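Everything on this sheet refers to the single structure shown next.
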Amino acid sequence: MERLLTVSGLTTEFRTERGTVKAVNDVSYHVDEGEIIGLVGESGCGKSVSQLSVMQLIPNPPGKIVAGSVEFEGQDLLRYGRESREMCAIRGGRISMVFQEPMTSLNPAMTICRQMGEVLTEHLGIDKAEARERSVDMLSQVGIPDPGKRADDYPHQLSGGMRQRVMVGMSMLCNPKMIIADEATTALDATIQAQLLELMYEMVNKYHTALVMVTHNLGIVARYVHRVNVMYAGRIIESGTVRELWANPMHPYTEGLLKCVPKLGERLVPIKGMPPSLINRPPTCPFLPRCRLRQKSCFEEPVPELTHVEGDHYTTCRVRLEGLTDD
Amino acid sequence: MLTYIVRRLIHAFVVIVIVSIAVFILIRLLPGDPIEMLISQTQLTETTPEMIEALRHDKGLDRPLPVQYADWFVQMIRGDFGTSIMRNFDIGKEIGNRVTVTLMIGLSAFVIGLVLGPILGIVSAVRRGKFVDNLVTVIANIGITAPAFWVGILLIFFFGVRLKLLPIYGYTLPWDDFWMSFKQSLMPIFVTALGPIATTARQTRSSVLEVMSEDYIRTAWAKGLNERKVILRHIIKNSLLPVVTLQGTMLRMVVGGSVVVETVFVIPGMGKMMVDAMLSHDYPVVQAVTVIMTLVVVLSSLIVDLLYGWLDPRIQYD
Amino acid sequence: MTTKTDSINAPGLGGEVDILEEQLLPPVNEFRRFVKVFFRRKIVLIGFIIVVLIVAMAIFADVIAPFGPYEQDLHNVLAAPDSTHLLGTDSLGRDLLSRIIYGSRVALSVGVITVLLSAAVGTLIGLVAGYAEGALQSVIMRLTDAMMAIPSLILSLIVASILNRGVLGVVIAVAITLFPGYIRLINGQVLSVKQNDYVMAGRSMGSHKARIMFRHILPNCLSPLIVQMTMMMGVAILSEASLSFLGLGILPPTAAWGGMCYDGYKYLMMRPLLSIAPGLAIMVLVFSFNMVGDGLRDALDPKLRGTSSN
Amino acid sequence: MIEAARGNIVDIVNLKMYFPVRRGLLKRKIADVKALDDVSFSIRPGETLGLVGESGCGKTTVGRCIVRLYRPTGGIVMFEGADISHSGESDLRQIRRKMALVFQDPYSSLDPRMSSGDIVGEPLKIHHLVKSKKEYDERVAELFIMSGLSPDMTDRYPHEFSGGQRQRLSIARALAGDPSLIVCDEPISALDVSMQAQILNLLQELQSKNDRLSYLFISHDLLAVQYISQRVAVMYLGRVVEISDAGELYANTLHPYSIALLSAQPLPDPVAEEKRHRIILTGDVPTPLNPPAGCAFHPRCPRAKKECSESVPPLRDAGGGHFVACHCV
């Protein structure tokens, strides 16, 4: 598969009263064409901020992309200005995004088809009538009953599930190369979430579009994702195919996460302590305070880079890596 | 939508009835008995208690209050506001030609506020922290805090006395002599409009900043729109909705302000009529003017509410 | 961020564990944070200083003012500003600067009493309306709408002339126009605070309605109330000045800025300062109160009260 | 039917809760939202009953009816043998000490103006459970430790705590009155995975130390419910469609909706996920404003028969205490 996106050394900081918060800290990952990758982690680990940085949607006064490059189809997006013509062409045209809150992600004072049509008129320059036609067609594709009438409804007249379908439809309108789903189904009920995930899975495969699935739900990752990056305190601490990670987790945090999910008969083993504060973090491994495997070297040396284990499996845990070379 | 309109109409009617009752009672509490006023005004030499009694009966003031109120309310609806005690003119007719003066100034000031306020608010919110934002904020604050009569005096002194550019008092209707009327109403309109412009600008600025942090604005950016399109298509309409609801209070401010502005610039409007009536204890006039002014405020806020109902889709499909 | 190694034998945390990370960030000194956010903007600091100066001026007026407020110097009436009378004298030969200094007493006293009176009455009725909901609330809110429909200046004119036009009369006249605003504010606040689960928690614990009202709901309505009161100080002072200017406010000869503007208005040609100076004093005081109000709004905003550790 | 056995902590029989919908000019009632329509179950001392279902199924309303925050439209609510369906506020006060509520949103369930110590200690004050200030402080410190918080945090304010710690404060407050029933309304869905595990463990430990303490654990997270509950009830649009022991329900699910619900929640195990046969329901969750006739699930049910749209299937025992409400099972 052809390489679509390569993010390397991405760092985004936020200035707050208590100091600068390194929300995304030297993050590197790649996405191939038509591949479904996962970004998993708890709240505050920087998974959403990293995707907003790729799209340069970081609110500028407090936040700033400090370092790193975002290679997309051969061009580094960070070279373009936040409101430059090229970046506007990418956003919604080549890469589109679906957000978490269906209730607030649509403009309450605009009809559904006008909001969808806007993407088409903006990127493909087609006139309003054809834009409406294509929007209605997309609405039926995403499973909205009676799309002709629904197109003229306002967002508050649709249920949460319906609105999220509109968002998915909107993101597919310009046939983008990649879609970023930022916790797109978190706010939905189980059966509606299942419907939406199946829909996205079908459409992504049908149009051979890459999908970046940002979520904290390990079940979704297990069912739909090929390759997954586990994030903690702004860093990617382990990445690999779903099978590799589940079979042989090479980082104590990933292990802890897997054990945190209640299974019948097994005693729950929670990860001790509290998620770290992201203000002036020491260069050592972020998971150090809560890690059971930590050794002396972990305290002194900075956190290692993502090191290859086997296949697509990479990890940043020094102890685990040394353990590998011994046995 | 229909229920929204009907409910608003009933709401406005209830408010008018309550206000008329309140005004009716308040006037009765004012010092000085109307009959004595009448007597002193007609210079009757000897006044026997019987004559006073007959006069009271003739004026119907001996009937129970609710009956008097009902009678007055019915008369009012027919446009008959009774006659002024002091100068014996028919109040209804007098209000008729004075109301045009007050509305000329009041409405133009309101419209200026309605147009300039949002523009200043949007510009200062979009250019947050930059020079224009600070400038607009300072002007807005001055507009809210400077007493209207003082600004009036300043303008009169500067443009009238020193530069002799503008007449310092009086008012002529535009269809009589347009150029003179324009010169005469320039300053009063500016003073009346200062409050609404300032308040609307501040409210628009905070509402635009609030809308800017909404999720659907982030979606608009994510669709690839540049800043200009995001502002024009998404931010403005949503941020103007709360500003529309504010316009009801702006009208109240304009109508109330006419009292001061017309006193400073000596303009024969309803406001001046009100003050003169207060000073000379001419209570029927006070009563009529108060009710009319409140009527203007209530009706215009009703229009503002209906405009809001039409603008905000969430209400259309209530 | 201090790292304190302590082991907490706490159940639910997976037994014995060394927690390197401090359980909580160091306590945020609430007062220091409040002061830091309050004075973050220069303009708020300037406003605060002016208010303090004017309050001091009002208290020590007898000491500061060169002349008494009513001292007439009949042989240099309407004098131009000179070394003795820094701002000149008015039509009765009284020193303008001294009267402005004494005028601050009227402005502040009217402002404070009006705001406290209207806030107290408005808050109480607002609480009742907000908590009772149903028919009582709609009746109260309709009456409030009616009160607010009458232009405030007109209402205060009528009420002022009903009462004797002393300071108390003006205070009540202005307070009547302000307290409906509080009813609306508090009613709105109570309704939004009642949405929170901690109010339902209070009910589920079986605490009395009154306890929930005063222990949970009222404290959470205080910040917007305080901000509104500061803003209303400015409005009260402006209303009093307008009433005095129209001749229906504070009775002469008391030194009230509004009245002084009106007296000076006749002599605008010769001595503009007689009107301009008191007017400027009004604007400066009201401007400062508004700035203090803006500062309070930021400082009391719960969102800015520092986020929890993660 | 499940009769009210002696000694149960909670028994609800044919519980109905209708919320009037008022619209139009005079706010006339045009319809009833049937949030709860004939719900019955009971909770034995020391037992945890899981209540599962999607939004709009009425699971939160059940919890609030039991704690009598709502007055039920119909049916009986019994608490420790006493019928509290229509009792007034005054005599409810004693009973409220024995039941407590833990909420979903950690940020809105704690009063931001009160210190954490006062929040946890409020039930002690309301029910006068302590005589002196010293005893009050000791009891509050004890409650903090029981919930895994260090006592020197009692003077900190809620905004200084993380989501997980706030839920611990809610639990500490619930324990203050030494209750025999805690209704946990989605206590962990707002938390991260690692924090969820800590809270689940805490709840279990508290129950192991006090054999009279029972939970009504309301959630849409089937894995958590399965882990912590002895018995589980599945609700759909205001009715209980299936209720049985936890293990039995997950191993031998009978009702078509429960099957679809279980298959909709992805298991965090790629190997198992591969083998699972996924049932994806069509259509949206219907509104409780006008529920479909007969069995409310029939429009979306793959096995729907004619009879399903005519009569409401009663909850009957399909063997071994496994109750199900379906014509086709």
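Letters A, B, C and D name the chains as they come in the text, with residue numbers starting at 1 for each one.
Note that contacts are C-beta pairs under 8 Å (C-beta built on N, C-alpha and C of every residue); 3 or more make two chains touch, one makes a residue touch a chain.
Here the structure is a predicted model, which means the values were calculated and not measured.
Listed here as common contacts of subunit B and subunit D: A, C. The most centrally placed chain, judged by C-alpha centroids, is C. At the far end from subunit D, in terms of centres built from Cα atoms, lies B.
Here A-B and A-D were compared by C-beta pairs in contact; the pair with more is A-D.
In this assembly, the C-alpha centroid of subunit A lies 54 Å from the C-alpha centroid of subunit B.
Computed from the mean C-alpha positions, the centre of subunit A lies at a distance of 32 Å from the centre of subunit D.
Averaged C-alpha coordinates give centres for subunit A and subunit C that are 48 Å from one another. Separating the centre of subunit B from that of subunit C, both taken as means of CA atoms, is a distance of 24 Å. Shared interface positions of subunit C, defined as residues touching 2 or more other chains, are 12-14, 23, 25, 306-307, 309-310. With touch defined as above, residues shared between interfaces to two or more other chains in subunit D number as follows: 162, 165, 198, 201.
Each of the following residues of subunit A touches two or more other chains: 43, 269-270, 274-275. Interface residues of subunit B, counted against subunit C in their complex, comprise 11, 14-16, 18-19, 22-23, 26-27, 29-31, 141-142, 144-150, 153-154, 156-157, 161, 249, 252-253, 255-257, 259-260, 263-264, 274-275, 278-279, 286, 289-290, 293-294, 297-298, 301.
Residues of subunit D that touch subunit A in their complex: 54-55, 162, 164-165, 192-198, 200-201, 220, 222-224, 226-228, 246-247, 250, 260-261, 263-271, 273, 278, 280-282, 284-285. If you check the complex, the residues on subunit D that touch subunit C are 67, 69, 89, 92-94, 96-97, 99-101, 103-105, 108-114, 119, 122-123, 126-127, 145-150, 153, 156-157, 159-163, 165-166, 168, 170, 173, 177, 198-199, 201-202, 205. For subunit A in complex with subunit B, the residues that touch the partner chain are 55, 57, 59, 61, 83, 85, 88-93, 96-97, 99, 101, 104-110, 118-119, 122-123, 154, 156-157, 167, 170. Remark: subunit A residues 42-43, 159, 161-162, 189-195, 197-198, 216-224, 242-243, 246, 256-264, 268-271, 274-275 touch subunit D in the complex.
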